[in-house]
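Pasting the structures in now, so scroll down.
Both complexes below contain subunit A, partnered by subunit B and then by subunit C.
Coming up: the complex of A and B.
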């Protein structure tokens, strides 16, 4: 009982004495497990490399600065490819994610028993595999290049967009759907009038959010040969051209900052 | 015009929301449905246009048994029944005009409605209705910019543009202040009189029902326990519908208000 009698007044505690004890015991076990894990990690670490790390890092820093600015002339085309991979991939993903989301949402699915599990499977399957791995697979299937990158980004994004969208669909105000149904509207009209206006802001938010993520993801796709600025990055790394690497990192940083700014603006304009 | 015969609804949980309702609403009659929360008022009007599927009995509108209709015929039948909601249920992100025109969805095809190319006669009627409820200047505003009373007026326009024979009204005033409540009730009953519309109005506020509506039906535990004119609603009857409470004040207040309004007019 959290309420105790003390000298005639009622004292309220958040937890009873035994609950408090159990909590303390839980914390004790947590700390002990943490210390044990720490010890194991320490035993498995070659500490020489760790102590050496600052020296190596400063060595690489010295080699990488200053960046080779004149290399930027060769980066325009790859960064443009990267942007295109992200944008096209996001557009394709959105086109495919919308029907999947409507099939997966409990309140719009034609059959909760047969269709919904299938839609959820698509969402889980596409979401659980990283776009880098999709790219590796696709390069084997359709050959290296920008197209493989676009498809890899698209497939990876379907699950993400469909999941967020179907959650938005499930959260709509049912009253508006009821009202449109009561006018004698058809199934598709109920969708266009009762559901779509309600999820439009969520849809726009998801679209720019995913586009923003995809710009970052597409910069690394080149590492496995799927086009874009990552191709230059891996080439420079392979020949230990550190000043070029640092310039590429700066360019990626600028591209990501710009994309974040754009998506923040778009989201602000919609909501 | 509307007959309910042994209309029954039992929810999957086993709750008997309606237990064999028999009710006849003649053409052009406005009827108030009162009763405590959970008595089955909302379920009853939703069983008529089948937003809730009744489990037994029949609802017959002009000779058509609504409970037996297939999906296409049900949509055509729903056009005959306008519905007004407690929380207005406007599509918040569409404009007032779009909301009013959405009452015509049962009459226009998908692409016409999707591209907002409604027939000019519908648009004319929408403007006429908005003018009638005093919202003509708001036609281009988004629905979420409106106040509660204004939204309910748009809801009324949406129901009326269907050219219905029957209005199903679910707690039209429960989210409104007392003054707006009266205005909305007056508007609904006036419009029904103008157009010779029958209406079933669910309402919590007994005084408001007595003030505006000529026939009152009391529902308790899914059964009709009162059916008569407002002045037959004595405190014994109210006790039967709602349970033990001091009802004298409610009844007296109504009489007082009636004379107030008459004096004001």
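Coming up: the complex of A and C.
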């Protein structure tokens, strides 16, 4: 941190002159890039609709309130389906994520050169594609329905769970593993008594955390036809039945809040 | 463990302690969960004939990853991808800029109670509504195009960043902030020199992570007409052009991987 002499008094500065210049230049480029992006968005926008937006918004609000409460009787089955998609999807994902995580962790992988990159590729590939896209793909392959939703959620969650789990495996205490090995335990026994007890709390936490996220995601999977309450949402949107839309949105909000509460409670109990 | 307990254990084999110590709770959870699983699996209708018929197409899709077609729809892919990137950049910049004051307001140790309640309310609303639902509403209000996507991503960024930023500020070291205040700093100086240096590394890391998420999300906003690569991807699936779809997915995965790598470098430099 430089101190400048200015008119006989010392002035403290946070950065040197060249540092300031580089930073200023960086900001200039950043602003230019942003303006360029904004220009493109602006070109692709019909501004007439945007100026009209407040009127449209209040119009939609008037149509959507009050929600059609009696429609809730038809939502029981979709909500049950949504819950199943999230839970079964999470379970399948966990079953698949455990081996991937063990293959990806530096200290348990059979071969850091050949197997580990492959496991990491699975993790990145499944994680970077949204569950809606997986659902879209699976619907094209195995047809619309709850089953496609379950598989989509499962595939999407593998990467997430495996990533968190392999980081937990890499952070385990080596003393315990060594102690088990020193008793003459086989590779599987070391796994069962040295490694698994150490990552079990992390595993439970990850499972509940992902389940919470999956509840959120499965509520909208129906938009592309993969079952659950999203199907009703998309049907209501298509016929412009705004009172039903607002009721479904309330249901989704409640489901999200409950699942977050459950997951926070369970994680609090584990950790 | 008392002597008596140890004496009782003599001569008996050691058994692994259970993860959930209370047996009633443990068996209750296991039986309840098993019952739920049976019920869930029973109610999922799987059309196995359809799945079997689709396996062939699934195989084709996986095979198409070995020969992705970047060329036939190069124009569509390029414009969609560019729109996704533009939306991501603009929404990240705006979202981060807005989320900083809201994050400051949502930290209990900085903000007075009324400000705190309002900012936490904004965060809660933004986090509870999913991107795709917000996008549907905004498309209905603002019309099709990247503006709706841009607004959606900005809105989602605010909830995510503000919450994590506020939590980081709440857990900061008080001593440093107090030292700055004791030197007679004004409120802005206090924030700039007492608080900002402490949370900056994490803010940069979180911002990079959010840019990554925003790009991934921008890939699905096109499904509901909010601009980006999603529309192209959806069309490719609808027309069973799997080689084009594979090309788009490879591009998305590649960009996400590049972003993750970049954010790793930047985070390592900042911390």
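As a working rule, the second predicted complex is superposed on the first by the 223 of 271 C-alpha atoms of A that agree within 3 Å, B and C clash if a C-alpha of one lies under 4 Å from a C-alpha of the other, contacts with A are read in each partner's own complex, and residues count from 1 in each chain.
The criterion applied here is as follows: a residue touches a chain if its C-beta (ideal position, glycine included) is under 8 Å from a C-beta of that chain, and two chains touch if they have at least 3 such contacts.
It should be emphasised that the depicted structure is a prediction, and the values quoted were computed from it without experimental measurement.
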Worksheet item: Is A:252 touching the first partner subunit B, the second partner subunit C, both, or neither of them?
Response: second
Discussion item. Let me test your reading of the model: by the given contact rule, A:176 touches which partner, first (subunit B), second (subunit C), both or neither?
Written reply: first
Worksheet item: Looking at the overlay, does A:122 come into contact with subunit B only (first), subunit C only (second), both, or neither?
Response: neither
Item to complete: Classify the contacts of A:216 with the two partner chains as first (subunit B alone), second (subunit C alone), both, or neither.
Response: second
Item to complete: Go through the superposed model and pick first if A:262 touches only subunit B, second if only subunit C, both, or neither.
Response: neither
Worksheet item: If you stack the two complexes on chain A, which partner ends up touching A:200: first (subunit B), second (subunit C), both, or neither?
Response: both
Discussion item. In this superposition, which partner touches a larger number of subunit A residues, subunit B or subunit C?
Written reply: C
Worksheet item: For A:186, is the partner it touches subunit B (first), subunit C (second), both, or none of the two (neither)?
Response: first
Item to complete: Indicate the residue numbers of subunit A shared between its subunit B interface and its subunit C interface, in ascending order.
Response: 193, 197, 200
Practice prompt. Spell out the part of subunit B that touches subunit A in their complex, as residue ranges.
Written response: 49, 51, 75-79, 81-83, 85, 87, 89-94, 102-107, 110, 113-114, 155, 158, 162, 168
Item to complete: Name, in rising order, each residue of subunit C that touches subunit A in their complex.
Response: 16, 19, 36-37, 40-41, 43-47, 50-51, 54-55, 57-58, 61, 82-83, 86-87, 89-90, 93, 128-130, 132-133, 136-137, 140-143, 145-147, 150, 216-217, 219-220, 223-224, 227, 230, 233-234, 237, 240, 245, 249, 252-253, 256-257, 260
Worksheet item: Which bits of subunit A are touching subunit C when the two form their complex?
Response: 30, 33-34, 37-38, 40-42, 44-46, 49-50, 53, 56-57, 60, 80-81, 83-84, 87-88, 91, 124-125, 127-130, 132-133, 136-137, 140-143, 145-147, 150, 193, 197, 200, 204, 216-217, 219-220, 223-224, 237, 249, 252-253, 256-257
Worksheet item: Tell me, which parts of subunit A touch subunit B in their complex?
Response: 173, 175-176, 178-186, 188-189, 192-194, 197-198, 200-201
